[in-house]
Structures are given as structure tokens and as C-alpha cells.
Amino acid sequence: MFAEFLQYLFSGVTTGAIYALVALGFTLVYNASHVINFAQGEFIMIGGMATLSLLGMGVPMPLAIGLAILLAAVLGALLHQLAIAPARQADVVTLIIITIGASIFLRGLAQVIWGKEYHALPSFSEQESIEVMGAVMYTQSLWILGVTTLLVLALALFFTRTLVGKAILATSMNRQAARLMGVRIQFVVMLAFTLAAILGAVAGAVASPITLTSYDIGIMLGLKGFVAAAIGGLGSGVGAVVGGLLLGIAEAMTAGYISSDYKDAVAFLLILVILLFMPRGLFGSRVAERV
Amino acid sequence: MHAVPSQNDPVEPDEEKGRRAGADLAVLSLSKAFGGVHAVEDLTFHIRAGAIHAVIGPNGAGKTTLFNLITGLYQPDRGEVLLDGQPIQGMAPERLARRGMSRTFQNLQVCMNMSAVENVMLGRHLHLKRNFLAALLRWPSLRRSEQACREKARELLRFVGCEAYLEAEASAMPYGALKRLEIARALATEPGILLLDEPAAGLNSAETAALERLVVRIADQGVTVVLVEHDMKLVMAISHQVLVLDYGRKLAEGTPEEVRHNPDVIAAYLGG
Amino acid sequence: MRLSVPSKIPGLPVLAIVLLLVPIVLNDEFYLDIATQVALIAATVVGLNLLVGYAGQVSLGHAAFFALGAYGSAILTGTYGWTPVPALLCAALLVATLAWLVGRPILRLKGHYLSMATLGLGIIIAIIINNEGWLTGGPDGIPVAPFSVMGFELSIFDEYQVLGMTVSGALAWYALAGVLLLLAVWIAQNLIDSPIGRALRAVRGSEVAARVVGVDTSHYKLLIFVISAVYASLMGSFFAHYTGFITPQLATFEHSIELITIVVLGGMGSTYGVIIGAVLLLLLPQLLTDFHEYEMMMFGLILMLTMIFMPRGLLPTLSGLLQRSWPRRVRSSGQED
């Protein structure tokens, strides 16, 4: 009984950590620019697929991952410079469609380069799994949790200790004031896109030994990350992490105890229920709208 | 505490047919806080039907918040608002409109996706047939009522001095004209009480003079006017009563003459 | 600026003429098939545009209503043996009820939260359709009986005698779809030109302004949500009868995105714009098939570039350009309709 529960919990926390990373990417971009970047999921795909093909060329794993992340970072910056920045004045829905166009483009590109097959990366550690109180835990899960924890801490430090981080925060709180204080808004937004792409790529690289990867995994992972971010209340970093973990665990429990057919529905049911009772998510600000 | 206002306050007889008689408004111990900021605190006052009642005070004094509370955009934390003796606090704006409350906004709220005339026609919403089937099938009676509505809207645009913009898109109009457009839209509802939030802000002196005449003409038709305004010349010239707010509280109240000589007001305005 | 073609041009007759010209110029089964599908989808997005373009409420889950209409018709005619017309009306009624029930809480949400909720709703419906195979046939899909009215069957495989002429089933279906599109546009335009339409546009323009003059904005948002869902459901039903076979693909997030993309691409708040959007977006893949594996990439790229350079959509941008070159003539038009 308990072992079973523990098993589901391990798997939930693992996927939850991935969702948290993706959700943090959404949150970063949303805070800096109020854009929902539907292409966020594609960076997960790029992180996994690029690592894979570099490994195939004989590049050692750590370097392969580093290069994949670099590639995603460049693409993230380009996405902002070429597609988002020229259309800043556009309607929110228009911006959504632009990011969707970008995601279709990236997916199409991936399909041309890497084909349509599913692939798995090798596990980072030699030993694939360990046993904890009767439940099996993949060592890759530990990698995922470790990397997520490190990244979350790094982000926290970045936002509280560095000038650039503070500039991003200031921009998210009050664009006008930040501009007056000399923050270069467009640079900050580009940085947010780049960081979000990096987060996505890291998630993709550490997750693919477990989740497999292919040119089209970005859609669902991206949507789930978006749900996690919205559960947390779009724009809250803590909310994104909590939302991600909550979602991962809820999915694993549903798949385990109720029906694996409806595993994917959990995210969307959860977001509907949460929004009904908390129209701004768990951690969203509750200010009265000004007129 | 003020008593509930009596119903026999003088109400000017209503000349123009169809327009309702000016409404009177009482605010009792009204409070609203945002986090730690007491935007409106324990505020009590009474506005006589048909009067021009000014609300003044420095920026951030809570004037707009007061309007938002009265017109149902914000929920008060405590206190009551009575319209013609009926409690209305917390009632949704669309319901208050049916009771003859109308307003304009400090930060323009004009539908930029519509023409000037359409914005005013929107104000006629409650006076129009809104039968769904008639709309779907483009019933001839609906056509006629729309045509009449359009005429009425054009008339109102002329009334507020927007005759130059009868054919204009709202997005192509200058700021001063948009402010008057908002007044025309509010008048289109045939209000008993009209709340104007800084109508003269951003207007030049000729436009302000025109606005002054406009407000007087509106009041002459029996509409109660509540006026938030920084232009003291305008306020002193046309108001019957002035309420002075400071940090959400009542600092003074009285005729323009009384307020002008009130030592607290002088201190607040000169002392900063 | 008004987001429509200069109002001197009578849209409906022009649309009718274009619809008439298509089979004359391209009388070929292949083109008629595409044209029929385009017309049905165009009618769907004319409804969606009422919600998104006029009332400013984004739905990222509208394909679900389309699919529910399709499956409603398929199941009622297939499993329960109803005739198509009562079936599609009943399906539309069910969809309207569903939209009304979920619309009430969902439409209180604003901006991205509303997008999120409609997206969630759409995906949940898609998953249900996919999983409940006993009713829906599951991922493999189900066949749908041909459309028929009072025993008269309309099938693309038949031929019909009309006034002594032989009309292919494909042409007959195209005619039906064309009439449906004209009806859809006529009703949408009637609604837009009424006080209800004005109230809807005001919801997008300034919701507070609408409320303080007495517009019950939540009522109108709900109304238009239900109407646009019914549009989708009815067209979904016809689409199901037309194609004769449906799969859960109809309900997917991708299909919802396709619908909203058509609206934004063609021009939010422009009925004829979204029809052009439907034509282009659905023809694009046909044109890109020559690019084989690059098709998806090209599609994404074109979508991105169009939206970057024409953020207001094709028709509003183009008619904006026209207005700039002939300001006089356009200014003096208006108010007649």
C-alpha cells in the first residue's frame, strides 16, 4: 500500500519538477513582457533532441547538454528579437498567435532535422534505479530534482542579489517606473526569453532519459507548464514551483489510483477548478482593478 | 452621524419630458481601504437633489475611490450609500444605471473600437428594445428604433459641443472632445444624478469655459451633478456645495464661500 | 478606425457572387471538396469572431464545441437512428446548455485566465471524446450517415437532377455549405448592427463604460459565448455529415488554435476578414504540400510573419491601406447601414 503510494509520489514529484521548470519559464516571460509564450514547450524539445544528436556525434554528455542549452538560449533570444519585439504594440491574442507560429516553426524545423521518431537519452548515472522503502526510484529522478532545486535557488539568488535580476523584477512590477530608472526594457525582456529558453532546455535534457523525446513533445509539456504557472497565479515564481509540483503529484495519483486514460485531463480539470474559486490562481495578486 | 436625509428636500420641477427628476444622494460612514491605505474613511455627507456638488481635495485624497464606491465599481468595506433614500451600496453599476446613476471617468473610458455616435448610442442601451430575435432577423421596428437612437445621439453630441465629430471614429478624436463624448454618453442614459470625475483636466481655458456652461445647463435640466475637479475657478463659480477630502476623510464642507475661508482648507492647500 | 471594409461595399451580395463564381471557375471535385470544407469552417469562425473579435473574449477551446456538434450528430443518427435534422438541432441544444453552464463561471475570468480556462475545457472534452470509445468510437473515429432532409439524401457520391441539369453530389454539398455560410454571415451581421452587437463591442472597447450605462456585460458575454458555441456545433454537425467520418482530431487543442488563428489572421472584428482568413489558412497547407517535409516549418513561418507585419489581421490592414489612399470617399460613407 504505502510502497505503491510512495511509487506514485516519486513519479509525481519528478514530473512535477519538470513542470515547475517549464512554468518558471512562462512566469519569467510573463512578468517581463505580459506575453504568454506558447513556444516555451519547444525549448524542452530542443534541449532533449539537441543533446541526443550531439551525443550521436560523439560529443561527451556534459558538453552535449551545455551546447544544447546554448542553442536554446540563442533561439530564445532570437525569438524575442525577431518575432516578439517587432510586434510589441499588437493585441495580446495576436502575440499569442505569433508565439504559436513560432512553436509550429520550431517543431517543423525539428522534424526536418531529427525526424518523427521517439528517442530516449541514456540515464545520467550508471545505476538506473534504487529501492526506497519498497518503491523504485530512478536515479534520473534524483538528477531531475537536484537540478531543479539548484536552478530554483540560482534564480532566487539572481533576482535578489544581481542588478540584472532586480531590473527584471522592477520591470514586472512597474514598467514605466523601471524605464524612468534607466532599465532598458527591451533588453530585460530579451533576457527573460533567453533565461526561459535555458530553463526549458535544461528541463528537456534532464527529463528525456525518463520521458523520452521527439519533435512534438513540446506541445503537451508546454501546455502543462502553462497550467502549472496559471495554478500558481501567472507571474509568481513560488506559485510556478508549487503549481508544477502539485500538478505532477495530482497526475501521478490519478494515473495510479483512478485511470491512466484521464491522466492528461487532470491538469486541465485542476486549472478549471482552481480558477473557479481563485480567479487569479493560488498566488496571484488580488488587487481591485483600477479605473 | 447624519440622519437619513428627508424626502422633502426641494426638488426642482422637471421641465423636460422623459428626463427623470434629479436624485438625492446620501453617504453614511463610508470606508474603503486598499491594503494599508485608507482611501475613503468614515465619510458622511449628503447631496441635495438638483444641486451641483463639488468634491475637491489633493491627488490621492480618495475622490475617484469615492466615485467608484458610489457607482458600484468597488465594494465598500463599511458604510451606506442611499440614492433617493434607498440603500444602494455594493449594487452593480449596471443596476445603478437603471436607477438613474451615470458617470464619467478621470481616465477616459471610451470604446475606441466604435465611432463617436456609437459610443453615445451605447448610453441609450437601457432605453432601446433589445429583443434577441428581432436583432437576429433584423426586424424593421428595430431598424426604426436604431435610427431614432442615432438621431438622439447626434443631438446629444451637439449638446455637449461635439458637433464637429458627428461622423468621427472615437480613436480619431482629440482628448478634450473625448471628455465631452463621455458626458454625452452619460447623458444619453437620462440620469437623475451624474458624477463627473475631473472633466476639465487637460482642457484649455476656452474648452474649460465651454465645459462650465455645459455643466450648468445639465444642472438646469434638473440633473444632480457631482463634480470632482481641480480647477478651483470652475468649482467656485458653479457649485452649490463643496466637499473637501483629505486622506479619505472629510476636511470641510459648505458653500464655496465657506470652504474658501475655512482655515483647515487653507492650511491643507497652502501648507501641503 | 473601423475594422471592416468600407461600408459602401455591400458585403453579403459580394460574398454570394464569389460563392457562385467558385464552382464556375473551378468545377472540379477536388476544389469543390476544399471549398465546401472552407465554407463550413468559415461559418464556424464567423461565430467565433462574434465572441473573440467583437466581444474581446478569447476562447482557445472552441474546437470542442465543433466536435461535440459533429459527434452529437454522428451518435444520434448512428447509434440512436435519428434523422439528421433533429439530431443536429438536439446536438446544438446540448452544446448550448453546456456552454451556458460552463460559461457562467468561466466568463468571469479575464484575459489570460479566460484563455487558460477555455483551453482547459476544450482539452478535457477532447480527452473524453478520445477515451469514451463505447460512445464515440475512440481514437479510431466513427462513420457518419449522409445528410438527409425528409428522406431526400445528400451524398457526395450521388448525382442529382435539378431543372434538367445533372448536379454532382459534391456540387450539391458545396451549394448547401455556401448557403449555410451566407446565413451565418447574415445573422452575425444582424446581431452586430443591433443594440446587442453594440453592447458586445463595448465589452471589448471598455467594459466599465458599458456597465455604467447599464449594459449587463456578463449577460452579453454569456449570450455570445453560447451563440458562438451553437455556430460551432451546427457547423460541426454538417461537417460530420459531409466528410462521413470523424475522429477526435476535431476536438484537439491544435484544431482550436486553428480556429482562433483564422480569426486573428483574417482580422478580429471583421466578419469578411475572418472568411478570407479561413480561405487562406485552409488553402495554405494545400499550397505547401510541394514543400513536403518543410511544410510545417513554412506554415509556422508564414503565420508568424503575417501576424508581425499585419497585427490587426489581413482585411483590416488592407482596408486601412485603402482608406489611407482614398480618405474622402470612405469618410463620407457610413451610417447608412
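To keep things simple, chains are lettered A, B and C as they appear, and every chain counts its residues starting from 1.
In this section, a residue touches a chain if its C-beta (ideal position, glycine included) is under 8 Å from a C-beta of that chain, and two chains touch if they have at least 3 such contacts.
These are the chains along with the protein names UniProt gives them: A, C = Branched-chain amino acid transport system permease protein; B = Branched-chain amino acid transport system ATP-binding protein.
Note that the coordinates shown come from a computational prediction; the quantities given were computed from them, not determined experimentally.
**Q** Looking at chain pairs A-C and A-B, which one is connected by more C-beta pairs in contact?
**A** More C-beta contacts join the chains of A-C.
**Q** Taking each chain's centre as the mean of its C-alpha atoms, which one lies nearest the mean of all protein C-alpha atoms here?
**A** Centre-most chain by C-alpha means: C.
**Q** When the C-alpha atoms of chain B and chain C are each averaged to a single point, how far apart are the two points in Å?
**A** From the centre of chain B to the centre of chain C is 41 Å.
**Q** Measuring centre to centre with CA averages, how many angstrom lie between chain A and chain C?
**A** Centre separation, chain A to chain C: 33 Å.
**Q** At what distance in angstrom does the C-alpha mean of chain B lie from that of chain A?
**A** Computed from C-alpha means, the inter-chain centre distance equals 48 Å.
**Q** Going by the contact rule already set, what residues in chain C reach two or more other chains?
**A** 208
**Q** On chain B, where are the residues touching two or more other chains?
**A** Those would be 73, 105, 109.
**Q** Residues of chain A that contact two or more other chains, please.
**A** Those would be 291.
**Q** Tell me, which parts of chain B touch chain C in their complex?
**A** It is residues 71, 73, 92-94, 96-98, 101-103, 105, 109-115, 117-119, 121-126, 128-130, 132, 134-138, 142, 146, 149-150, 167, 169, 171-172, 182, 185-186, 188-189 of chain B that touch chain C.
**Q** Would you tell me which residues of chain C are touching chain B in their complex?
**A** 1-3, 187, 190-191, 193-199, 201-202, 204-206, 208-217, 223, 269, 331, 334-335
**Q** Across the complex, what residues on chain A touch chain B?
**A** Chain A residues touching chain B: 287-288, 291.
**Q** How about chain A: which of its residues touch chain C in the complex?
**A** 30, 36, 83, 86-87, 89-94, 96-98, 100-109, 111-112, 219, 223, 226-227, 230, 234, 261-262, 264-265, 267-269, 271-272, 275-276, 279-281, 291
**Q** Flag every residue of chain C that touches chain A in the complex, lowest number first.
**A** 52, 58, 105-106, 108-113, 115-117, 119-121, 123-124, 127-128, 131, 208, 253-254, 257, 260-261, 264-265, 268, 293-304, 307-308, 311-312
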